[in-house]
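First chain A sits with chain B, and in the next complex the same chain sits with chain C.
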Partner chain A sequence: MIKSPSKRRQLSDRNIILLFILPTMIILVLMNIYPLFYSLYLSFTDYSVISSVAPKWVGFQNYQTILSDTRFWKHFAITGQYTIITVALQMLIGFGLALLIKEKFWGSGIITTLILVPMMLSPVVVGLFWRLMYHPSYGIVNYLIGFRNINTAPEWLGSPTLALWAIIIVDVWMWSPFVMLLSLAGLSAIPDYLYEAAAIDRAGSWFIFRRITLPQVMPLLLIAVLFRTIEALKQFDLVMGITGGGPGDATETVSVRLYREAFQGQFDTGLSSALAYIVLIVIIAISNLYIRQLNKVREG
Partner chain B sequence: MATIELKQVEKRFGEAYAVKPMDMTINNGDFVVLLGPSGCGKTTTLRMISGLESVSSGIINFNDKDVTWLHPSERDIAFVFQFFALYSHMTCRENIAFPLRASGEEGAEIDRKVKRVAEMLRIEHLLKSRPGGLSGGDQQRVALARALVRKPAAFLMDEPLGALDAEFRETMRAEIKRLHLEQNATTVYVTHDQIEAMAMGDKIVVMSAAEIQQAGTPLEVYYDPANLFVARFIGSPGMNLVEGSYSEGKIKLGDANIYCVPQDWRASLDTTIGTGEVVVGFRPEAVQFSAQGQLGSSVYANDLHGSYSMLHLELIKDNIVNARADRRDRHQMGDSIKFDIDPEQVRFFDPKTEKALQKVAL
Partner chain C sequence: MALRSPSAPKQDVVISTRVDKVGLRPALLRNFRAGLAVVAALIMLLPAVWMSMTAFKSRPDAVSVPPKVFFTPTLEGFVSLLTDRRQLSNTELEDYKQRTDLNWMDKLALKRGQAIIGWSEFPKHLRNSIIISVTSTFLSIFFGVLAAYAFSRFKIPGESDLLFFILSTRMLPPVVVTIPIFLMYRALGLFDTHIGLILLYTAFNLSFAVWLMKGFIDEIPKEYEEAALVDGYTRLQAFRKIVLPQAITGIAATTVFSFIFAWNEYAFALMLTSSAARTAPPSLPSRIGTGGVEWAAIAAGSLLFLIPAIILTFALRKHLLRGVTFGAIRKG
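Right after this comes the complex of A and B.
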């Protein structure tokens, strides 16, 4: 007779699979799926977490309030402007750095590491020390760009137009390395033989860049654009660290406004849920456009 | 059009030679095949000619002009890569048009030339697709089209038919040969397939171990191999090589056989070998069966090759030679069989230097 296997080994493959998957599934449902649908429900209600009144169904009223209020539109405009400028600058600088770093030169390893440092810092810390650096009287930024006289020097965080640029500069400083990293991965994945074939085909360097390098890294560049766009649309921590949305509401991005609605003043949970859903829909729509473009580049 | 000349060209990777110093002249309009086993330095040689690889030392001339340190784009060559090297993000049409675009030709002119070369290689139906999804054979044809769309001074091809299946390879072989005859462009063609080399080359350069073993016409390398390597490498199967001891016009092969050296070879063997070991070489088709033959052997195996059969004969114990026989002859395994070697086709090699002996004019 065949000896029956020990008790521990009687666990079937199926059960082992469940054992590994179930904890993740439970956490996912509790932490993501449930809040997702619950907040969707809340966005159609009048509700505040700090009141003891139960949510009251109001239909699309929260959405209507948001979309008909010009102040909300201003937050969207600021966020859009911020997104377009930061992503464009990050792509240019990040890809440019990647093109330089790709050529191995003495010390390129250490320089790459140094360039990557900002990306590894916490955004709140970055926000706080840049706030110090932007300070009109003892900040180093004005000193470095040549404004030694406090009275004529620009007040970075005090002026409504400069304040947004101040955040843009920090975001570009912090996240261009990320674009560089993705671009480097793309550039080093281009096989040498393509450049050899192009040399044989008597292509000039600009022609090679335009017809071979650029299209070959394009998928990764688009992924970088996608990541950075989503991040920029959600921008919150840097703004809070540097300007807190000010002066006035000049740098108040949608996420900052969302935070104010949800966790300050009235704690308007219903309205803020609706705002969060609007942001989500915008992000999904834009991501879809990018992904469609990406597939087009891949398949031709 | 170009005459290509290599003078003491060599390539080292670290300490190891990929190509030992070599001299080679490829005349204008020639179709030269670089032939040799894998790893012998064929690709490296071709890449040095193209400029994709720098030489470690030596000089390369195109039409007497020193191009040793010129960039590939300044040499006016086309290169067909072993693994195609097609631009994966472009359609086949764009791939083929690339060399024309790069040199700034007109749109209409480009279309006309792409159409012509696509017709020639029968790939019109592929023009709109990207190379990634195509079979190896189709990719290779696109790669050929990209090389042929221009009229370069020289074509360099690195095993261009390696990826094709046998049937299509024969068609393409004829195609490339015909294109060469039409355009009459200098071509250097790399292959490890000696049948391909024999079929295509005006001249064959046999390489082994980073060195040129012999350069000559297909007939020369086939009938008069310069050394034992070439004798073995060319032909399928290669030349029969049997070692024996020579003395006074006779070679003792094993215990049972004595071979009488043809009169016109005696002087050569007497002077170079004197008395001692010598290798007798003969092609399977040089075997002449006859009841009075001076060499006795027994049939070891018999392969039928369609129009003829290839007999494997045990001439000396454990030394099998191949002989071409009439298809209709019946031979049983173990049958004794006698034969002679066509005196016109017998060759002799010195086993110490491995070099072929030369007939001395009497």
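Right after this comes the complex of A and C.
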């Protein structure tokens, strides 16, 4: 019996699965998994990309160097401080914005979208024009907050403490809308009967907020915290756009330090790979903690 | 209330336990809220507006103290962004003023005593950005839709592990993978090439595309395809003629998101290109280092670069929530 040509060319489901999934897997293994293992190996070696000497195995020496150097701990401290403050402020402001615009009013659609624009912009370019706005004399920030005298105006990017806050403000400006977006989704999913029941019981508004609104939105808020924490721990673009790590190394997050170790100065590839792995482990550990917490909230 | 019986009370009875909350206060409260929301939106927009204004300022206006809100708009910033110029001597200047073959750009440069000697690097970098973002977006959508379809419709051994693996690649800090990729690219001659960045961005967006598309395809009822299969369609035909047309909104949203991610990417581009394939995000900050900062030019570059993202945000507004959470949250 002769098979019809269309039958002969027909692919089995098994082959379709392979044909559809394999390209993706190959690309990801090649561009992500292989580099990951390669840099794990490099983290145990003494090696520089600009030297012609092959990598030399040194065991845990790079990790020891990093963990015993107070300079590196400083970068971790900066990153930690940065992460805690930005995420906390973003949650407060984002959730507040969501409460403001959860009820529809004329033009609320367009206002929501306008508020969301910053998070879709390129962080490094955003950083650049904030740098202009932060300028002590011709920047608009000082002008708007009332420092008209150049001699007494704060030098946002010149002082070590203010510079970190300058970046935090921009991060909060960019990403509070993200928290707002998630909170809005949570708020709109709260069934009306909960509020109606509370109204019948003449519950106070603070009680309603604490016992109905907050618990119902909690899972989404936790997802927002998870996403923002991971991003804050990786923070690189904004810092490069606003301060480049300065003044001195006051705003050098771990990622910026990593970039300097790996691609500037000594080009210390082995050491920077070890640093990269430490960052990776911290991120994985924190994400796991959050996800466990999230599952607890969802179940109970 | 048209069918009111004679015995009914004269006034409408408001059957609501929230009777105390109806009236003037809520209306005021709502207006107050709306007002606050408008103020918030204005604050959010202010930096972008200020940047757009700076883009049209002249060099002294851009750095005037106090900052100028009203000024005469000029395209000087754009000219100095897009061209390389040289300072003219006084005699040359007189010469130039007599010439009649000058276009508007030359004339603007001449106002500052300069002559345009050619295009700057920026148009090239902007072109690189376009080439690399478009190509990598196309590739990641193409492969991502295929993989998402397979994950959505077939039972695959270890499916959740594979999907988690795909997601986890996106969580890596870019700097972690850049060092080995840098070595790899140097060995393969892909450093500072379009192909190198396209490959990397494709991988970078692929995980996103698979996750988002799987959500969209999951929402298309399986029954349509099953009916088509019974009618004698092959699996591939059913995919092409039934699933793809239904998934078109999802594909469009995913495409726009992938494009924005590639368009905005900075870290990889900074570390893996030097000049030939350099994109706009690492190119703009490098202008600060050279001599006096020309803010109008930087603002002009930022404006040109940000406009696509702003337009696309509006186009995407219904899918934003889904996109920024990797499809984890679908309603909103």
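By our rule, the second predicted complex is superposed on the first by the 290 of 300 C-alpha atoms of A that agree within 3 Å, B and C clash if a C-alpha of one lies under 4 Å from a C-alpha of the other, contacts with A are read in each partner's own complex, and residues count from 1 in each chain.
The rule is short, and it goes like this: a residue touches a chain if its C-beta (ideal position, glycine included) is under 8 Å from a C-beta of that chain, and two chains touch if they have at least 3 such contacts.
All values derive from a computational prediction rather than experimental measurement.
By the touch criterion defined above, A:Phe147 reaches neither chain B nor chain C. One of chain B and chain C touches more residues of chain A, and that partner is C.
Touch criterion not met for A:Tyr63: it reaches neither chain B nor chain C. In the superposition on chain A, contact of A:Asn32 is made with chain C only, not with chain B.
Contact with chain B, but none with chain C, is seen for A:Ala198 once the two complexes are overlaid on the shared chain. When the two complexes are overlaid on their common chain A, residue A:Ile212 makes contact with chain B while staying clear of chain C. Once chain A of one complex is fitted onto chain A of the other, the partner contacts of A:Trp165 are absent, as it touches neither chain B nor chain C. With both structures placed on the common chain, the touch criterion links A:Leu114 to chain C but leaves chain B unconnected.
In the superposition on the C-alpha atoms of chain A, the part of chain A touched by chain B in one complex and by chain C in the other spans residues 196, 199-200, 202. Looking at the complex, you find that chain C touches chain A at residues 17-18, 21, 30, 33-34, 36-38, 40-41, 44-45, 47-48, 50-51, 54, 62-67, 143-144, 146-147, 149-151, 154, 156, 162, 165-166, 169, 171-184, 186, 199-200, 202-204, 206-207, 210, 234-236, 260, 263-264, 266-267, 270-271, 281-282, 284-285, 288, 295, 298-299, 302, 305-306, 309-310, 312-314, 317, 320-321, 324-325, 328-329, 331-332.
Residues of chain A that touch chain B in their complex: 191, 193-194, 196-204, 207, 211-212, 215-216, 218, 300. Across the complex, chain B meets chain A through its residues 50-52, 71-73, 76-79, 81, 83, 85-91, 98-99, 101-103, 130, 146.
Residues of chain A that touch chain C in their complex: 6, 10-11, 13, 16-17, 19-21, 23-25, 27-28, 30-36, 38-39, 42, 49, 97, 100-101, 103, 105-109, 111-133, 135, 137-140, 143, 148, 150, 173, 177-178, 181-182, 184-185, 188-189, 196, 199-200, 202, 220, 223, 227, 230, 233-234, 236-237, 240-241, 244, 255, 258-259, 262-263, 269, 272-273, 276-277, 279-280, 283, 287.
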